[in-house]
Every structure is written in C-alpha cells, then in structure tokens.
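Shared between the two complexes below is chain A, which has chain B as its partner in the first and chain C in the second.
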Partner chain A sequence: MNKLTGLILVLLLSFGCKEDDPTEVEDTFDKGAMLTNVANNVIIPSYSEWETNAKVLLEAAEVFNDKPNETNLTSLRAAFIEAHKSWNGCSIFEFGPAADQNTRLTINTFPTDTGQIESNISSNDYDLKSAQNADAKGFAAIDYVLFIDDQLLLSNPARAQYVIENAQQIFDRASEISSAWAAYKDEFASNTSSSAGSSISNLINELNYEFELVKNARVGIPLGKKTLGVTQVEKLEGFYSDESTQLAQSNIQGIKEAFTGGSGLGLDDYLDDLDAQKDGQKLSAALITLFDEIEEDLSNFNLKTSIENNPSELDPVYNKIERLVVLLKTDMPSQLGVQITYQDNDGD
Partner chain B sequence: MHFYKSISLSLILSAALITGCEDDDPSNTLPELIDVPETYSFENVSYTGQTDRQNQMEEMTTYVKSANAEGVVLDLEVLTAMWKNTGDNANGNFSFSSTKQLKDKCFAPDQPLIESYLRMAVNASESTEFGSNGVAGRITSADGSEARLYDENGWEPAQLIEKTIMGAVFYYQAVTIYMGSEKMDVDNETVVPGEGTEMQHHWDEAYGYLGATNDFPEDTENVRFWANYCNGRDPIIESNEKLSGALRTGRAAIDIDDLEIRDQAITVAREEWEKVVAATAIHYLNDGIQNLADDYERNHDLSEAYAFIHSLMYNEEKSITNAEIEEVKALMGENFYEVTAEGLTAARDKLAVIFGMEDVKTLL
Partner chain C sequence: MTGIKPFLHRLIDRKVSISPLVTFRVLFGLLMFASVVRFWTNGWIEKQYIEPSLHFKYFGFHWIPEPSTPGIYLLFILVGLSALGIALGLVYRLSTILFFLSFTYIELIDATYYLNHYYFVSLVGFLLIFMPAHRLHSLDVRFGLTKSTTKVPAGYISLIKFQLTIVYLFAGIAKLNADWLLHAMPLALWLPAQDHLPIIGPFMKLEITPYLMSWAGAIYDLTIPFLLIISRTRTLAYLMVIAFHLMTWWFFQIGMFPFIMIGATLIFFSPAFHERVQSWLLSDKSIVSAPHAHPVSIRSWALFPAACFILFQVAFPFRYLSYDGNPFWHEQGYRYGWRVMLIEKAGYAQFKVVNGRGQKIEVDNKDFLTPVQEKMMSTQPDFMIQYAKILKNHYKSIGVDVAAVNADVHVTLNGRSSKPYIKPEVDLAAQVDSWQPKTWILPFES
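This part shows the complex of A and B:
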C-alpha cells in the first residue's frame, strides 16, 4: 500500500504538468536536426531492414511450398524469426505512413485465433482483410502454422499457402511504408512543434504506446499481472516458436533507438539540452540505464519457460519495466511539453 | 436536496491496519472526518455500461432458465451470442442494443470456464430423462410446482453461469480493475459533463457493478446481483452500510481529491465486498446442509455456494488464498448428489475461520 501510494503521488505530481495544456518548451535545441537524424538513421533503415527480411520470408515460404522438406522448413522458420524481429524493431513508428494502414493491428495482432486459422485453412476460402480474420493473420498466424505441427505443415499444401498469403501481406505492407517514408521524411523533419499531431508528439506518444505493449501484452498479461497472478502463457507473442524473449528484446531495442536516435541526435540529447534531471542524475541517463538493464535482465530468461515454471523470477524485470513506463510517460513528456494523447480504448 | 452526515473514519482506519496497511502515523496526516452522503448522491454519476451488462446478464439468465421447462432445448449459438453480445444485441436475442459485452470484461483465464458452463447448460437441456445421480436432467420441486435443470453431478448451469459471471465480471471489474492503479492513477481535474473526472467516472463504474440504485442503502427494493446479496446478508453482517459506506467514502474522497482516504476506502470496499461474497457462500452452504435430502433444493444451494466460493478469487486484496479456495471446494465435493453434512459443514467452518465469521456462521 505504501509503495502504491508513493507511485500515485509521483504520478499525480507529474500530472500537474501534464494536464494543464502544456505550453511549447522554449529552447534552442535543433529539433529539425534531431528529427532528420531519427528519420535518416533510425526509421528509414529499420523499415528497409524489415522490408528486406519480409522479402526473404516470402521467398522462403514459396520455396517451401514448392519443395516441402525439413531443410526448407528450417530456412523458412529462420526467415520468419528474422522478419518478425525486424518488424518488432520498427513497430514503434506507428505514425505517418504506418498509421495510415493501421499496421500494428494488421500484421501483428497477438494472441492469434487458432480456431479461425484452422477453419480458414480447411475451407481454403478466406479473405485475410475481412473483419472475422482480424485475429487470424500476420506474424502470430505464421508463428502458429509454422510451429504447431511439422507433419501437418509438410503434408498439407494449404498450410504452406496460408503462410504465403500472410507473408505476402506483410511484405506488401513493408514495401508500401518504406517507399512512403521517402516522401514523408521532409514533412516529418520540418514539423518541429510539440503540439498534438506534431512529429515530436507522435514519436513520444507512439514510443509510450509501444512500450506499454511491452509492459502489458508482451510480458505483463502472460505473466498474470492483469489476472491476479494467474498466468496466461499462451498469450505470449511468439508462443509457438518460443521466440518471445528475443521478440521482446528486439522491440525494446527498437524503442530505445527511437529514443536515442542511434548515435546521432535524439530525444536523449533534447532532454540533456533542457538539463532534465531525475533523482540527482540526468533523466536521459536514467532512461537509458533502465532500457539496458531490462534488455540485459531479459537475456537471462526464457519468458515461456519462466512463466510456466517460476513466474515470480520475472518480477524484478517487470518492476523495472513499470519504472521505465513512469519515466517515459510522465517525466519525459512533461519536460518536453508534450501531451500523452492516446488512451486505453477498453471502454466502460 | 442532499443530507450529509459525517462518518468517522475509525472503521476505515482500523480495517486498513488489520490488512497490514502501514501508513506512517496516519493520525497526523489525515483529517478525522469527511463529509459522506447517506446515499450515492454525487454530481455527474454515470454507469450505463455496467447497467447494460447487468441487463444482458438478466436476459441471459432468463434464457438459461427457460430450459427448466420440459422440452425446451437451449441453443449454444444463442448463449454464445449473448455472452459476446454479437452484433450489439446478441444477434437479436437481447431486447436492446448496446456496444457493451460480458465476455471482454471477464477475468480472462476464466472465460473458458464460463464457456464450459454454457455447454453444460445446452447438454443438460437436451436430456429427456429426470435428473438423478449420474444423469443430467430436470428435477421437480417437492410440491411439484417448479423444476430446475441439473447436470449429471447435480450442478445447476443457470446458477453457475450467473454467479460466476457476477464474480468474474462484476466483482472482478469493480474491486480489482476499477479500484486498481491503472483506473485510479488518472486525471481528477477535467470534468466531463455528465461523467465527472476520469477518476470519478471510474469509481462510479465500480459502484455501478454493485447493482443498486443511487438511493441505496435507503432503497433496498431496487437491488439486483451483488446489491441483492449484500442486502440479503445485511441483517447479520450489516453489509449495506459497510459496503456502500466504503463506496460513498471513496467517491467523497475523490471529490475533494484526498487520495489517502480514497486508498483506504479502496481497501475497506474490497474487504466489505469480499465479506458479502463469503457470507453468501456460507449462507448457501447452510441451506445445502439443511436441504441435504432434497435433490432439487440441495443441488441448487450447492451450485450457488460453489460459484460464490469460486468468486472469492477475483479480489486483488483477498483474505483467502487460491489454495484455500480449492480446499473449501474439495471439502464440499464435486458430486452434489454424494455430498455429506460433515463435508459441507467443514467447508462452511473453514470459510468462517478465514473470514472471521465464526460467531455468525450458523445464522447466515
């Protein structure tokens, strides 16, 4: 109770800044240069890598479909993991071209509806764009089909075809977004205000949205944090391939890169320019330390094994994730005069 | 016109201390008194989503109970559509349209359990035999005026569906979700007309799951679901004032932005609501013991008891462990035709010890 009260107080203190319409921060920091760097050295290369890996995945699926054997299956699975990890590295950039297409929901809704997938495969008559397949497509669907049953996959061409259809959709999306960014880049870099809908606001909002997906969807929900400690391991991203840990790490790396701007100018430099402090140290350093510790801590575990056998061993890293959410969602936006505009849309 | 009275916080404070809340010398930091109205008469109270879900639950229960009549076979598609509120009106099976649904607010790990009860109802309704040990079917009351549908172990799907959803949706959403940090660490400044601040609204939504009007506890006529059971136990454990008082204190504290009192109200509300669940479970175990030889009554009582015992798990600050819940269920036994007075009494007594109700356990 004490801890909770403390947290509430911390949040409330920060809300004071957040809820009063934040005014633009007066500063001399070159935000245009920061956005240009983030676009050129983080976003565009991330999308490009995703597009490349999505193409490799599609080709590997076609090769497997032609010759369904163990060797081609191994290559296909490896290509899938790489494509999935590279998507998780750029999933955070859900604004501009990616937002136009609702990309997160379209290609990476998890957990997947395995009953719907099986019914699609057996009818062999489905439209992945239809509403009833909203939970039966994308990376999670491929994860299921590729890893649930080797013999079925090797013997039933409709299953390989399901992988191809989904890989095609992912690749199409990757190339559309990649090419759209060439045109969108200037608009992104020149919009240097911090009001709602600006590039900085978009970046910070999506950074938070994505990191809350780490906290909830990728770790907290499977770990039982929303269900009174009752674990739900089957809700893990990458449950069937057992790649959940690596996928979460790629995602966290992507979020961190979005924050730091890689080796160039990023939000960390912006915070430093404003001399933003947290508990006697630079806020940027506090953020980066937590990012690194979380990634490092995760590498000591396999999420699926831990949740199945000893979920409480993940509590320390989950607590760090919660602490990082507070820094990202209250400290950083209030320092930069940005408002968090997304809300839980879980309704009343 | 609103009549306000001052409620001492000593009750709240002592309860907070009992549950291990170790605030630093609260007497120094807290006001002793806070104005709390005698009913839920606050500005901008709205909880239409909760009312919609309770209306859905009523219509779903009516449908399940329609199979108490001989020859009525339930349709799993209809039940599933009601559970998910498919097409905003359960594919035409609800009398009203709403965007709300029961399933998506249900404690996720227990969605399969509730779906298994839906199938239990359908399967039992298909039986053309009389219900008896090992045989699903209808059993008629001793005077022959009524019948209820049971599965082969004497489980009554109508009770298991309704009471488990009361636990896994209404109780869970109120005490764990809405009173949890994610719904409480929110804005308390910007007033939306008709809904109040985000924090006020979340609190009102928790209140909405009680199933009372805003005039409760003065109005004890219009009570359903939890408020009905709260009122049922009120003569023995004074639950009406204790539970609704905690809910009113929380809202009053939010209105003056006093979050320490709000947090204490959360602890007390969780505890008092939990006592209603536990006392109701004890009540039905007593009924089961009393009706031991009557299949029609005993199976019904124990189905109620089982679902209330199970519902104890959904509270974030519960006083019972999941293992103890399973022990109590095990003391009851899984086949309601083969239960013994000793087993049911042991289950009741274990609950009474855990919830400090030993002095009233035979009265409930």
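This part shows the complex of A and C:
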C-alpha cells in the first residue's frame, strides 16, 4: 500500500506541478467578505435608495391629491420615474426578505390590466391585495394612471387616490424589506456554502432570473419575439410614461452591480480568483463587457419608438442580450461550482 | 476444469449463514423508509411530481401514466410502508414486490430526476423479491408465515456483492479519462467552492487537492470491491468506505446515497460478524440458534435468469462505446452506466417555434419547465426532442401552423467555454428518439 501511495504521489506531482509549486496557497478569496460587501455596498444602499424614493413618490402623490395642478403633476411624475428606476435597480435581490414577500410580482407586474384599473377607479371599492388585482397594481398601474390622460387625472380625485394606494403599498414594501435586511445581513454574509439556497447560489439564480426578464419581458416580448415577430409595444415596462429604455438600463445596471459588488469584492473577483476563462480571456471581463455594451447600445434607442417604427434596429442589442444570458446561465455557475437547484445529484 | 466447479459451488450452492442477508434487508428497508420521509419533508413530492406541468420520459417508457396528486402521495406511502415491510420482514414477498413496483414507477414518471443510485435501488429492490432475506429475524417468521432458517445458498449474497462490485467498478472505469485524471475535472471546479469548510477548507483551493482526490477516487472505486472481498483487508476497506462516502456526503449535494453504500457494503463482512451483531442487538440467543430444518436452495432453472441479469449488468453500461465522440458531451448511452460525479455541465437552450412563413416564437422555458427540468433539458439531447414535440403540440393547439422547432443550445462541459451544442437548423420536433446516433449533436471540441 505504501509503495502504491508513493507511486501515486509521484504521478500526481508530475501532472499537477507545471512550473509553480502546487502546494502554494493562493491569496485566499474571502467569500464572506464578498457577500458582506455586496450586502453593505450594493443591496442595502439600493434598498434604502428605493425606500427614500418610494417615500418621495408617496408624498408627491399626497401633495397632488391635495392640490391637483400641473406643477404638482410634473413633480409627481418625476418622483414616480425615480422610484421606479430605483426599484429596477434592486429587483434582482429576490431572496431572503424580498422573496418572503414575493416582491417582484406584487409591485412590478407588467403589462398592467388597464380594464381592471378603470373598473377599480370607477367603483372606488377595491382591495389591491386581492387576487383579481394582481395585474392592476404596482408601478405599472401608476404608470398607466399617471400618463394615460392628464385631464382625467386632474379632475378625478379617485385617480389620484389610486396612485396613493399603490404608492403606499410600494413604500410599505420598501421599508419592510429595508428593515428586514438589517437583520438578514449577517445570515446572508455568513452563508458561504455552495449548496442550493446558499447566498451565492441565490445571488446567481436571481441574477439569471432577472436578466432573463430583461431578455424576455423588458425587450423580447414587446419586440414580438414570442409572437411570430408581431410587435407588442404596449407590453413594454413603462409604456405609458415612455421610460422603458431608462427602466431597462437601471435594471441592467442593478444586475451588473449585483455581479461586480460595485467597486468592492463581487462575483467578478471571485471568478478571477478561480481563474475562470472564456475563450482565452477572463470570464468576468467578458461578462462586464457585455453588460456595458448592452447598456450603452440601449442608450442609442428609445425602445418604444424603435419597436413602433423599426424593430429590426434592436436586433444587434437583443443578440448581445442573448449572448450574455448564455454566459450567465452556463459558464458562470459552472465555474463557480455552485448548486443552483435543490435536487440530489449522483453520488460516488 | 477442476477449479471452476468448486468455485461456482462456493459462489452459488454452498449453504452459508443467512445473517449477512438479514442485515442487508433490515438496513436497506430502513434507509429506504428514511429516504421517503426525507423526500416528503423536503417538499420534493410537490416540487418534482405535482408542480411540473409536464414530465420528461425515459426511452421505452413513454407510456408510463402520470399519477394524479393523491396518486403520487399514495405511491410514496406505498414505498414507505413496503420499505418498512422489508425491514421488518413483514409479508416480505409482497413488500418487496410492492416496493420494487412503486419505487420504479415513481422513477419512471420523470427522467429529469434520474440518478444512478435510484437505478441501483430499483435493481436491489428487484433482486430482493427473489431472496429469502425474511427467513430469520423477521415478523413473518414470528407470525409463522414462513419457516425460519439459518442457512441459505451463497448465490443470493454473491449476487448482491456482484451488484455492488458493478457499481464501484464501472464508476471507476468511467473515471479513466483525461478530464478526470489529467485535468482533475470536475473536482477542480467543485472543491474550491468548498473552501469555507472548517479545517479542510484551506486545502480545497490548493492546486494539487483535486488531483489527489480524483486519483484517490478512481483507485478507490476500482479496488474497493476486492479489498472488501479479501478478509485480510476488509476492516481497513470498510473504514475507507465510511470515510470516502462521508466525505462526499459532506462536500456534495448527493442525498442518501453515501448511507446506502455504507449500509450495503456491510454484506461483505463474515457471517460471524453479522451473527454477533444481530444477537447482541436482539439480545435473544434463541433466534440465532434456530434450527436450519427448512433449508433454502436455488432451483436450477433460476440460474438462467440470474445469469442473464449478470450479463446485462456487465454489458449494458458499455453500450456508449457504440457511439462516436465523448459520451460526457453527447450523453448517448450515458444512463444506467454508473457514471457518477464525472461532469460539471451546464447549458442554455433557446427554443424557437417556426411557422410556415418562417416567423418565429421564442420560447421562455419557464413557461413550460421547472428550474430543474430546464437545467436537465438544456444538456440532454433526448429531452430536447421530447420538449420540441411538446412545444409543437402546444403551439399547434393554439392555432400556430408549426413548421419546425429549432433550438440554439450552448453547453459548457468541465470548465470549458460554452459552445454550440446542436445544429441550430435541425427540426427537433421531427426527430425520433432512438438508439441510433443523433447526428445533429455538434462534435465535442476538447
């Protein structure tokens, strides 16, 4: 047995050595530090910004309700766009406190059910939490009410009230999640394992999920990708305010920050530590380049105008989005060695 | 010639103590019962069998009906109760038949969840039907449903040892490839992710660790059955079994398998060992000294099906050799081959339903598949065919004149950059799944 062990060791050393010393410990990447950074410098600030902006939105809605005039409408609309963009920056973090509340579905289901909204407003008797209003609430509902018809909005207090109800719900959610994260932070940062349901696994799963929402819900579906090329511009997020492009950009920016950990440690650094490559270059660089290019390319367009007039001009950027989805769903999780589903694997 | 007959006699006819078989029966039954409880309490019955709107089928088993919601719970109850029946030796024959049928049925509902160890459990469940494992220390004996015996033909125990040997040997043979031995893949991807573990964590990121573990794993698989057979090395070998399986259990998300193997390999121990343990546990010497007045013997006609089973087990895993290319890439002839923990594979499949005018519908897999199903489909060609046919039917039913179903699929294998996996222009819905090579899978680039 000893001879055998010796032989194996010799073999291993000859295979494993290359030039460098195989037993040398590399600077150990601290996953806990990465998660702490992502929590402290990305997640918590994003939520707190969203909470602040949601509060501004609610207050602006109340001001408008008191004095429905053009000036107050303008500031209410501006507050709405800010709140919506800041939500899009943190909607990727649908785990822990946000998942408990099923937040994505509750506050940002789009396209919205305009018929249901109108019937709610005219009956003035509705419960936003009820199942029949699942598609008639949140940012998309406010987007519709605020931008569909100025005169109606200025003249009918029930419409302003609908905005208030929705803004209240969004603000409540924002403050609940914000305060829950203060308690959840340590749990998040200390769960450094690679199993399903660990913090890194959650982060990767939601990164994929959210970016697929960019590909499908935010760009692909309006572009007609699911409908034989027949465009469905009204399915755009932010269709009534015509802020679709900015909303998509904020969303992509948020996803990228979740990946990079802002200026601190993030999944990109973790991939670098693992020496993850994509066709001869750093995988992290390939990912970041695509994130940046997509965001940059989008700024050359107005999604609504392009889809209405010349949808094919969006093909190059859509193509880049598709390429990024592939990297996010195959190369990245594979290199990280993280379990993204709960099912048992084959054992040995 | 003189050597063969005594050898076969020693292996098949010779009367040996029933006690190893009894231990095996009890542990197998208890572990299966625990597996059912674990599966149920994890909420997996719901997640794997109720929530999905469709199921991927095994080749040759597309006819398996999908049970209703109460039906699937009943099946799991049946597995659990029959597993207890096996452990207790209560209406043993019926219990083993019900266990084999209900467990195998559940596995056949959805190929998404295929694991070699489920296949192993089905095989063992099948073998137990024919084994007299309830003829001692069982409720059947106590209730007088069967006569007790202390001796059984060695063939029964040999067959289980054979099955365990097959599992280890093929797992070892599958490791003899360049990725495993020369590049330490996929352990080089998986172990660094374990660097948070106490004590051993820091070693997980050493460059040499995955090499050591890959080689150790291959040598372990290839030698452990023999080290367990030889009495001089048995105790050491069993300590290795425990250490090896506990380590993989600690590192990886592999469920009950390590415990099944730790329990099952006890069958290699001597009758004396099992008798001592059993009499100590039962503190009842009288049962141990039960007369073997009702010996069991193997009927000669039974040797033929047993030989077929053995031949099948030896030959079937090698069918991958009839396909060109890397079986880890194309996965043809991959299942039922004890290829475990060998690949880190991830894919992404964008399906496109094309109508008569060439217009396309891009499919969001989440609309049809659960995350696990999507993950499995994205790397397994036979699932892609099934999925394409399901999509074709779905879109036809809502009025689309479906001309073809294509897919852009990208797959990464063992840390290589993701690459196109199939020909994007092939109409997957028009493909027939068979054992013929799937020519639309793009060749593997190493």
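Keep this in mind: the second predicted complex is superposed on the first by the 310 of 348 C-alpha atoms of A that agree within 3 Å, B and C clash if a C-alpha of one lies under 4 Å from a C-alpha of the other, contacts with A are read in each partner's own complex, and residues count from 1 in each chain.
Quick note on the criterion: a residue touches a chain if its C-beta (ideal position, glycine included) is under 8 Å from a C-beta of that chain, and two chains touch if they have at least 3 such contacts.
These figures come from a predicted structure and were not determined experimentally.
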Partner chain(s) touched by A:Q232 [first = chain B, second = chain C, both, neither]: first
Of chain B and chain C, the chain that contacts the larger number of chain A residues: C
Which superposed partner A:A180 touches (first chain B, second chain C, both, neither): neither
First (chain B), second (chain C), both or neither touched by A:D331: second
Touched partner set for A:I121, first chain B, second chain C, both or neither: neither
Partner chain in contact with A:A99 - chain B first, chain C second, else both or neither: neither
Which of chain B and chain C A:D348 touches, first, second, both or neither: both
Chain B versus chain C as contact partner of A:D279, first or second or both or neither: second
Set intersection of chain A contacts, chain C complex versus chain B complex: 4, 8, 11-12, 15, 226-228, 344, 347-348
Of all residues in chain A, those that touch chain C in their complex: 4, 8, 11-13, 15-16, 20, 22-26, 28-29, 31-32, 192-196, 205, 212, 216, 220, 225-229, 274, 277-279, 322, 325-327, 329-331, 333-348
Complex contact set, residues of chain B against chain A: 16, 20-23, 47-50, 99-100, 107-109, 176, 181-182, 184-185, 187, 189-190, 205, 259-260, 263, 267, 313-314, 316
Of all residues in chain C, those that touch chain A in their complex: 42, 44, 47-48, 113, 115-117, 171, 181-182, 184, 186, 189-196, 202, 205-208, 211-212, 215-217, 219, 221, 245, 248-249, 252-258, 261, 339-341, 344-348, 350, 355, 359-364, 366, 371-372, 375, 400, 408, 410-412, 415, 417-418
Contacting residues of chain A [partner chain B, same complex]: 1-2, 4-5, 7-9, 11-12, 15, 19, 221, 226-228, 230, 232, 344, 347-348
